[in-house]
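Got some structures for you, see below.
In what follows, chain A forms one complex with chain B and a second complex with chain C.
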Partner chain A sequence: MLTAKSSVLGGLISALALAACSGLPSLAASRRNAGRMISTTLLVAGCALGITVLAGYWLGGAPSYIWSLPWNSPFGPPQIRLDALAAFFLFPVFLIAGAGSIYGLGYWAQKNHPASGGRLTLFWGIMTAAMAMVVLAGQMVVFLSAWEIMAMAGYFLLVTDDSQPNVRRAAWIYLIAAHLAALSLIAMCVLLHGMTGTFALWPRRLPADPGGISVAVFLLALAGFGAKAGLAPMHFWLPDAHAAAPGHVSAFFSGVMLTMGVYGLMRVAAIFADPPLWWGGTFLTVGAGTALLAGIWAIAQTDFKRMMALSSIENMGIIAMALGLAEIGISTRSPVLAALGVCGALLHMLNHSLFKPLLFLCAGAVIHAVHRRGVEGLGGLARNMPRTFTVSLVGALAISGIPPLNGFVSEWIIFFAFMVAGSTSGPQATAALPLAVLALCGAATFAAYITWISLIFLGRSKTDATAIAHDPGRSMLAPMIVLAGLCVVLGTVPAALAEILNRAAGAWSPAGPLPDIRSIVPFHIFTVLGIVLLAGAAIVGIALRRHRSRRAMPAAVTTDLVPAFAAVETWNCGFSPRVGRAAYTGGSMLQMPTHWFRSVIRPRWLRPRIEGIFPLPAEACRESPDPLLDYLINPLAARISRTVDRFRRLHGGKSQIYILYMLLILLILTLSIFVTA
Partner chain B sequence: MFASLITKILDVVILLMMPPLLPGIINRVKAWFAGRKGPPLLQTYFDLRRLIGKQSVISSATTWVFPAGPFIVLGMVVTAGLLMPLGPAQAPIHFEGDLILLVYLLGAARFFTALAAMDTGSSFEGMGAAREIAFAVIAEPALFMVLLVLVTAGWQSSGVSAVHSAAGGLSGYLSLSTLLLPSAHAVVSGRMQAALILSAVALFIILLAECGRIPVDDPNTHLELTMRHEVMILDNSGRLLAAQTYASSMKLLILSALLVHLLLPRNAGLTDLSVGAWILCLLGMVLTVGIVGIVESFMARLRLKLIPMLLASAFLLGGFAFLLLIG
Partner chain C sequence: MISMYILNAVLVLVILLNMYALGAGRMSSLVRTAAMQGVLLALLPEIALGSRGLMPFAVTAITLGVKGMLIPWLLLRALRNTNVKKEVEPLIGFMPSILLGALVTGTALTLSGILSAPRHPLGLMVMPTAISTLFTGFLLLTARVKAVTQAIGFLILENGIYVFGLLLLAAVPALVELGILLDVFVGIFVISIILHHINRTFDSMDTRSLAALKE
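On to the complex of A and B.
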């Protein structure tokens, strides 16, 4: 007779094992498609099993489970721990891993990439299992091992296309950042052990602040988890890595891997039952700074995968802001603020791991179709790729927070939390001021995604590159449609998640139960609004479709709403209409805000000199690299490596010498014990 | 119950019938200052009737976004209008946090206007859309700042001890219909009045920008260097143009109603059904657009590079007002 606990454990372990081993057939038969198909089937089966187990777990009331492996390691028995918060973060891992691997069948087809396809599949499965393990880990060694495996698997996924020098460079930077993060987390775990005396994760509701150690734990966690989530200034690895990886890997990274950082931050935020006020303030400030910078940088990008990566950073900043509000709510004993903040953070995390992978998959489909990355020279693809256009539009609307899509609900909750924070007396009312940052980010996201959609899909094509483009095959389209559908469903029926949010928030809360989110957020109004707006859109759509079936001219559009029509060229004030090259480009569309914020963006203009009577053809372009990388991280790294260079002569290169060093250090430590005693 | 039904019906009637009057008022004011006779007050109504019966010309470069856009915009703006109390009574739809939805609906309208403009593939429309979405980057934070001031002031003047009780209930001071109701404010301090006046000035600047009026945009032309709204709808004709025109005049109504409600005398015995209060609100809106007309008569458009400064000053005014309140 299986108990609920052991069946959940068995299910999850089998799901993880299926995922982790799924790449082997593909590796064994790298020249054939069959191996890849078996691998993908195994992975999808594992993910489906995982999601089923999670569904059962939620229906069973989401109790808190701890399993210890009876194994006498020096660090205590390895533990796995599942509670409502962990289950909340597990869902996107399984969903995006499954959807992305199906997409990868078409995007990174085995017959086109026989060498890298098998490797990609292998590490995809390992990455999935490792991320699930990061969330499930209940003990420091398990956690740190899973974290490191995740980081390394991520590296190998990132260098899939290792013939490109920019890919290798991005992967190198990623590796550095991943190790910096891991180092901070090892130090954090050591300090946590010093504070609590156990190796178990995650301590919760510790009574009082024992002093300086907690400050160090907080800052190390912020650095380590912040680097993974992409909080500034530790985000420097992120834009290049997302731009360099294949489309579905970018989707996996930004949809799921970044949320591992958020997960860690949430766990650390819940250590103390009465956290100091500056913790929340720091989350809020770092989040606001990240969101502001990334939101502004995003509008200056002309490589749309880079733009989307920056918008991921911006969303992580927004989540950190919401978490900050929750933490302030706990510190100031305002359960409403805490509930709004944590539910806003969780829901926005979930929404982001639906619409951002969707957008990356759409971007991948466009790259797949036209074989180029920038928005320049594209246009008019809505005609060649109508399905991709529709799902891309859903993604863009969702991330811009247009009702009734899912991004709106979580942004509404976070705005609402800010307004509640503003209606408290005392200095904590200033916590409401980052509201302006959130508004600016919203408008900047708008601007970036309108530009993306319209320059790729609307208007007329500027070059021939789009002529042969067509919708991708079924294996690529299906995951996109599923994610787009989830965006619509969660936006229209957010109440379906209310109970899950309540339990996850309760599992997070370091200070007793939080109020029911349904008593604060009018989910039913969003449902009514969603139904009304969708019905309106359907009416407009049906009217458009009816006239399309009886259109008179091939390219013309008529509608029932527009009774009589005449199809002509776009009015161009008397000039020749066929000047696609004169249309707006990625560079010109957002030139104005780029210019306003030039001190933050620091764009670089590459203008060739035009000389002589018969000048050669020349091209001018604008680049917007990461200013923090150029002006802060790189000089700092150079300085550190200069300093460290002085110790290089201590490196003999022979292991005996290093063992001698260890012996000496141990000797000194032993002596120091005698001296102090 | 009966009274609230009457006020709601009145609200919807005003929302649907009054918008085209406002551009007419602005034009009459401008004509009066220029010494001209000017178009009839009801000219926009005539225009709309004429446009609905007209043939539409649709560019062959467009997809379904272009013909669908104006109707989606109209739907979003009408929904937003239903959240805004136009008179001294509650709006037809109201709930905690409806003010955030209002801003998002207006944003959605902007999204689809810009998208439909880009669908034509013209560089003129591209220019208008580029400017529209760029200005929003500064105008949106300013608008949210004004709303934050409104929320904080509303809560402070309510006399309620906290917006949220420890048990989790909210006291209603996060809804436009409560915040703007003149009868719902018990304590009004001078500091609060000052903050509200500051944010009203900020809101007036935002109104000029959002509705495409001088000095931010010139509604009379699309062939000028500061063109924005008019150029985005350059390719619209017939019913599409009618939907866009009607929606943009309704946006003017919504924002001027918000402005009027910021400045309504609080705690002065104005109730839901008092005829005087309704007339006061409507007169306020007429006066607001009248001031827009006066501004348009006496100012030229600003140079494009100065517009972000103007919008940033609106944001700063909102920020000062907030600090004044919580200080």
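On to the complex of A and C.
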């Protein structure tokens, strides 16, 4: 008889197996498109199966399942466990993996990239399975193996375009960061094993220990999972990696891989029944710092994929803040605060893994059309790429927290959690202070994305590249439209998620049941607001269309670089240059906010010296690199590398010398036996 | 009583072969020395310790086959097929090598009494022989240039491990012995393939060329 447990686990395992093996046909027939099609079909089938099983699991009440492999390994039987929290994190994995692989068919077409296409498909499937396994792992060895496979598969996805030196460099930095994270997690697991005596994950409701081991576990987890999630200052790998990867890989990284870090942080936060107050405070502080810095850095970026990566870091900071509030709620025995915090974190995580992949896919579509990553020289794409423009606008508004889109709901819940924290008496009321950070971040995000939208899609085309751009094909558009649709649906009917959030929060809570989120958050208001705003937007849209068709602008303006008559364009400050090249560039648009925040952004100027009466042609440019990388990480790494370089002399390259080392060690060990005897 | 004499005699022979290997100047004689040592050791459980039963016999037969015939054949063939000089190239000269080997053997003989390893009831020679053979293997690995000598060093090293195994003959299942043997065989097999490739790539079998592969 097929029980619910065995059918859920069997379904999930089959989904994972399908995903993991999906790349093989593509690898086998790398010259042909058929292999790639079969691979994508397999992966999408696996993801669809996974989502179906998850839906059944939620309908079945989301009980907690543990499944052990009957294998008496030295680390105990390998275990898989599924609870409501794990199921919550599994959904984006399957959704984004499926959507991204369809998108990849058009973006990284097999016929254009015969060699790297097969590799990309293979590691895409492995990455999907590994990430799902990270969430499902119920035992340390399974978890760490899956984590490592995920990190390595991510590396291979990242170096898809390995002919570019900057891609290789970004991949190298990613690899270092991934291994530092893995090292901290191994240490964390060892300490946890010491505390509990088992290899099972994740232990729950441990009593607080008088020694410092729980603190060490917490700090190691913060370093390891924080590095994966991109919390400052361990975020240094993230902007370059996201900028260097192909569009759908960036979407996958940003939408799903970062949330693996969040997942780990949530699990670790739930280990101890009575966490000290400063744990929540640390989450809050680190999250606020990350969100603030990344939010401001994001404004100054001219490479829009870097901007989106920084905004991912910012969102991870916001999630960490919400988690901090939840942890403070647990510490101070305030279940309302805990429920709001954890639901806010979970919902924002889910929302981020909808709108951020959407934005990266849009960015990919733009890059695919115009073959450049910077905002310089772009403009006016809304005319040539209307569909991409619409979904980009949805994504940008969603991430900026504008109703009726989903970002608004989760940010509202987090705002509300801050208010609740502030309304209490006692030291935890200071937890409300980062509210200002959250507000500033919202503004910064809005500024960054509106700038992006306006520079790329509005205004006038500045080069020929934009004139021939067009909307991408169906395989690329469909995933974008699906994600945009989900953003709208979750923004207008968030109540649909309330029960799921309740169960996931309940599975998380380290201190007894939490109150029903529906009793705290008035979900129906979002629906009412959403319907009103959507109706309003529809009316305005129809009115605008009528207005435009009545005015009937001549087509010459849209295609010719030199318009026949002067029509003043949007975003040109009322000034209408005769040619697109003379219009304000993206960099000049960004200069003002960059100047405001120059103490945090630390832009680098390359200004030409203009001499003489008739100066030669000259170029000026501005770079906004990562200040933490420049002033903290790089000097530190250089110092470590200098210290370690001394050992290089031991590394002579002769096998004889290496064997001599072994002999010396053996002799020392033998001598030590003699000495002890 | 007589078996103890045989055992000690064989072990002394093994030590003498170690010295001979350290002083051998020709590749082929080095290969034969290692092979002869392997054969002697393979016969030990049967003739000296009086082991009975199917499993020890199987171990002896397989060891004889692999160490006495298969591996020497592989190595000699590699020597024939690759176009190198048949002389051993030492990094530490032959005489100093022998002296070093003698020194270690002497030290092992004097100090083996202190070691808390399980003593064999049949004699005290087993432990020093094992240490001496191990060291000889290591010395050949470190102090010789060519890749074939490294393979032989590896083989002699394994002989030393085998002698250690005699101490634990009752405790260690024959399966483990077979496992070690398989490891060595695979090792030699791989080395002879690598040899072929080094030879083709660098036009020599000098392992020093491998330093070019250093990052």
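FYI, the second predicted complex is superposed on the first by the 600 of 677 C-alpha atoms of A that agree within 3 Å, B and C clash if a C-alpha of one lies under 4 Å from a C-alpha of the other, contacts with A are read in each partner's own complex, and residues count from 1 in each chain.
In this section, contacts are C-beta pairs under 8 Å (C-beta built on N, C-alpha and C of every residue); 3 or more make two chains touch, one makes a residue touch a chain.
For clarity, every value in this text was computed on a predicted model and none was experimentally measured.
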Which of chain B and chain C A:F446 touches, first, second, both or neither: first
Partner chain(s) touched by A:K654 [first = chain B, second = chain C, both, neither]: second
Which of chain B and chain C A:A677 touches, first, second, both or neither: second
Chain A residues touched - chain C or chain B, whichever exceeds: B
First, second, both or neither for A:V420, with chain B first and chain C second: first
Chain B versus chain C as contact partner of A:L663, first or second or both or neither: second
Touching residues on chain A, where the partner in the complex is chain C: 651-657, 659-660, 662-663, 666, 673-674, 677
Residue ranges of chain C in contact with chain A within the complex: 91, 111, 114-116, 135, 138, 141-145, 150, 207-208, 210-214
Chain A-facing residues of chain B, complex: 55-68, 71-72, 75-76, 79, 93, 95-97, 100-101, 104-105, 107-108, 110-111, 114-115, 118-127, 129-131, 133-134, 136-141, 143-145, 147-148, 151-152, 155, 162-170, 173-174, 223, 234-235, 238-240, 304, 308, 315, 319, 322, 326
Interface residues, chain A side, partner chain B - complex: 299, 333-337, 339, 379-380, 382-383, 389, 397, 400-403, 408, 411-412, 415-416, 418-420, 422-424, 429-430, 432-433, 435-440, 442-444, 446-447, 450-451, 453-455, 457-460, 515-516, 519-522, 525, 529, 532-533, 536-537, 540-541, 544, 548, 553, 555-559, 561-573, 579-580, 582-584, 588-593, 596
